[in-house]
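Which chain is which? They are A, B, C and D, in the order written, and residues in each are numbered from 1.
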Amino acid sequence: MRGMFQPCFAIMLADIRSALRYPGDILSGLSFFIMITTLVPLGLGSDQGELARIAPAIIWIAVMLASLPQMDRLFTRHAKNGVLEQMLVSPAPMAMLMLAKILTAWVIIILPLVLAAPVLGLMFGLPFHMLAGVLGFLAMGGLCLVLIGAMAAALSLGSRQSGIFTAIIVLPLSMPVLIFGVAGISAIQTDHAMAGASTGASTGASTGHMMLLGALTLVLLVLSPPVTAAAIRFSEE
Amino acid sequence: MMMFDYLANPTRFRKITTAILPVAVLVSAIALAFGLYLAFLASPADYQQGETVRIMYIHVPAAWMAMMCYLLMALSAVFYLVWRHPLADIGARAMALPGAGFALITLLTGSFWGRPMWGTWWVWDARLTSMLILFFLYLGYMALADGFERAERGSKPASLLLLVGVINLPIIKFSVDWWNTLHQGSSVLRLDGPSIDPAMLKPLLIMALAMLGWFIAITILRMNTLIMRRRITNLESRKSWS
Amino acid sequence: MVMSHFFTMGGYAFYVWSSWAIGMAILIAITWHSISHARITRNELDALEHPKQQRDSDA
Amino acid sequence: MTPSPIHHPSVQSDTGNRLRIDDLAMMRGGMSLIEALHLRLDAGQLMFLRGANGSGKTTFLRGLARLIPITQGQFAINGIINTADQSALMRQIILIGHRNAGLEHLNVTDSLRLMASLMDMDISQQQIIAALDHMGITALAHRQMNQLSAGQQRRVALSRLVLAAPQTHRLWLIDEPFNALDDAAISQLCDLITTYCHHGGTAIISGHGHMPLRPDATLTLGTKPQGVVT
C-alpha cells in the first residue's frame, strides 16, 4: 500500500520544510505564548503560592491563544493556490492526508510551546520534577486542540471572517480539553503535595485526568480527519 | 425520505404547515395556561427546596427542548448531507434560534435556581458546562450557516458542525450520573421509572407540551420565511441575469 | 394558597419570578423576531412577484 | 511506475471507450450548465472544450474529477464508473486546474515532488529534471516557487503532465492551459499533448477562442442543444 502512506509523508515533509524556511509563524506563536505567561505574573504580583495555583490555567489559556491564529491559517494558503484541490483528486484517501497535515501541525504549532513550557513552569514556581507530567498533559491536550482546530479551520474555510468562526467553533469543542488539562496539571500538584506529606506512594489523581484526556484524544483522532476532509471537499465544491 | 419528497413541493409544504400552525399555537396556549395554573397554584412546594421548585417547571422543560431541538437539527443535517434535500437544511436553520433560546433559558433559570439553593450563580460542573457548550454550539451553527457570501454555501459546513456537536448530547444527559456533581440526578427519564412526585411531574409535562407547541409554530413560521427568502434570492439573481 | 404567599414565594420571590420573567421574555422576543421577519420577507417577495399590483395599491 | 492491470480487471474488458458520458447534467449556483450530455472518447483522442466565461468548462472538468457532484446521469473513465471507489477513479486522471497548486515556500523541485506523491508516483530526481527540461525550466529547479512569474509557475504546474504517462494516467483534464504562456511554452505544451495522445492517452483541454492543436472532437458549452462535433 505505497499509495496510502507515501503522500502522507510527502505532505509532512513539505509542511515542515515550509515552516522551517519561514519560521516567522512559529516564532510569533512562541513569543505570544511567552508574553501572556510572563505578563500574568507581572500583573498578579509575586505571591509564589498564588502563582503556582493558577499556573495550570494560565499555561493552558496561553497555549490556546497562541495556537488558534496559526490553526486558522492551516488551510488558507493551500485553498488559495489549489493544493487542496490536488489533494482531493489524489488517489490517497483525503482523511489520511488530513491526518498527516494535523500531525504535522502538532509538530509545528504545539511542540515549540510544549518545549517552552518548562521554563515558564519554573517561573510559576512549579517544581522541576513535576515537569514531565505537565509536558505530558500539554502534549496530549495540544494534540486535541490541533485536531479540533483543523476541523474548525476547514469548516470556516472561505467564510467572510474565518478567524472569528474558527474561534467560535473551537471554543465549545475545546472546553473539555481545557477542563481536563487544567484539572490534570492541578492534580499533579496535589499528588506531589500528598506524596511529600505522607512519604507514601502518589495518590495518582492526575492519572485519571490523563486517561480522560487520552480517551478524548482517541475520539478526536477518529472523528477529526474525516470531518476535516469532508469540510474541505465542501469548500472546494 | 418519503416525507421529505412529499413536503418538498413548496406550495404543498405551505398548505400542510398552515394547517398545523394554528393547531400548534392553540395547543401551546392552552397548555401554557394549564401549566401555569399547575406550576404556581396546584402543585406543592418541595420539602427541601421550598418554593424555588417552581423554577423547575420552566427550567427542566426548556432543557429537554434544547436537547430535542439539537437532536432534530442533527437529524436534519444527516438528511441534508446524505440526500442533499434543501428542506432539511431550511429546517435546521429555522430551529437554530428557538433552540438557542431554550438553551439560554435553561442556563439563566438554572442560575436563578442555583443561587438560593447552592449559594452560587454558576459552578463549573459537568452538567452546567455541557449545557453551556450546547448553547455555544447553537451560536456557532448560526454564525457558520450565515457566514458565507452565498447563503447556501454555509449549509454543508454548518451541518457538519451539528454532527460533530452531537457527542455533547449524551454528555449532557449522563453527566449527572457519570460524575459526582452539584446538579441533582435525573428523576424523570430513568430506567426504573420516574422518581418524581406525580404532582410535580404533571406540570412539568404540561409545560413541556406548551413549549413544544410554541417550538413547532415558530419553526414552521421561520421555515416559511426562509423558503420565501430563497425565492427572493432566486428571483433577484434571475433578474440580474436577464 | 394565600395571595401574599403567592407573591413572596416563601422568600424566594426574586429568584422564582425573575426566572419566569426571563424565560417568557426570551420566548416572546424570539416570537416577535420570527413574526416581524416573516412579515418583512413576505412584503419583499410580494413586491418582486407582483410589481404592478404593488404600485396600484401604493397609488 | 508500471501500469497495473491487476488492480483494475475492468479496464480492458469494458466497451473500450476511454471516457463514456451518459445523460449527464450539472448545475452551478442554481443554473443548469450541462444537460443530457452524451459523449464518447477513445484512447488517443483529444477533445477541445470551448465556451465563453461562465459557460461551465471548469464545472465540467471538475465534475469529471468528482470535485463537484453531478445532478444526473453517469460517466465512466476507462471503464470505471463515477460511483466507484474514489481512489480507483482518481488513479485514471490528472487535473490541471486554474490554480497551479505550487507550494510557495518550497523550491520548484520539492513542490513538484509533493505533487507527484499526491499523484501516487515515486519519482527520481532525474525524472523531475527531465520534466522541468521538457517545459524549458531546468534553470528554475532550485528557485523558490513564490519567486517565479505567473508564466513560470504555470510551466511548473504543466510539467506534472510530463510525469503522467498514458500507461498510468489515462485521461488528462486541463483547464485553459494556454493562458499566461508564451509562444515557446505553448508549442512545448502542444508537443507534450500530441505525444501523449499518440501513445494512447486521452485529453480534454478547455479554452475560449483559438486552439493551437487539431482536436478529434469539440464540445461547445453554453449553447443549447449541446452536441459533440467530431
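The rule is simple: a contact is a pair of C-beta atoms (placed from the backbone, for glycine too) under 8 Å apart; a residue touches a chain by one contact, two chains touch by 3 or more.
The structure presented is a predicted model; accordingly, all values stated were derived computationally and were not measured.
Undergrad: Taking all protein C-alpha atoms shown, work out their mean, then name the chain whose own C-alpha mean is nearest to it.
TA: Chain nearest the centroid of all protein C-alpha atoms: A.
Undergrad: Pick out whichever of the two, B-C or A-B, is joined by more C-beta pairs in contact.
TA: B-C
Undergrad: Need the CA-centroid distance for the pair chain A / chain B, whole Å please.
TA: The answer is 32 Å.
Undergrad: In whole angstrom, what separates the CA-based centres of chain B and chain C?
TA: 17
Undergrad: Hey, how far is the Cα centre of chain B from the one of chain D, in Å?
TA: Averaging C-alpha atoms per chain gives centres 48 Å apart.
Undergrad: Measuring centre to centre with CA averages, how many angstrom lie between chain C and chain D?
TA: Chain centroid spacing, chain C to chain D, equals 57 Å.
Undergrad: Two or more other chains in contact with one residue: find those residues in chain A.
TA: Those would be 237.
Undergrad: Chain C: which residues touch two or more other chains?
TA: Residues of chain C touching two or more partner chains: there are none.
Undergrad: Every touching chain pair, please?
TA: A-B, A-D, B-C, B-D
Undergrad: In the complex of these two chains, what residues of chain C are touching chain B?
TA: Per the touch definition, chain C meets chain B at residues 1, 6, 9-12, 15-16, 18-20, 22-23, 26-27, 29-31, 33-35, 37-38, 41-42, 44-45, 48-49.
Undergrad: Flag every residue of chain B that touches chain A in the complex, lowest number first.
TA: Against chain A, the touching part of chain B is residues 124, 129, 132-134, 136-137, 139-140, 143-144, 147-149, 153-154, 156-158, 160-161, 163-165, 167-168.
Undergrad: Which residues of chain B touch chain C in their complex?
TA: 40-41, 45, 50-52, 54-55, 58-59, 62, 97-98, 101, 104-105, 108-109, 112-113, 115-116, 211, 214, 218, 221-222, 224-225, 228-229, 231-232, 235-236
Undergrad: In the complex, go through chain A and note every residue touching chain B.
TA: Listed in rising order, the residues of chain A that touch chain B are 151, 154-161, 164-165, 168-169, 171-173, 175, 179, 219, 223, 227, 230-231, 234-235, 237.
Undergrad: Please name which positions on chain A make contact with chain D in the complex.
TA: Per the stated touch rule, the residues are 2-3, 6-7, 9-11, 13-14, 17-18, 21-22, 77, 80-83, 85-93, 97, 233, 236-237.
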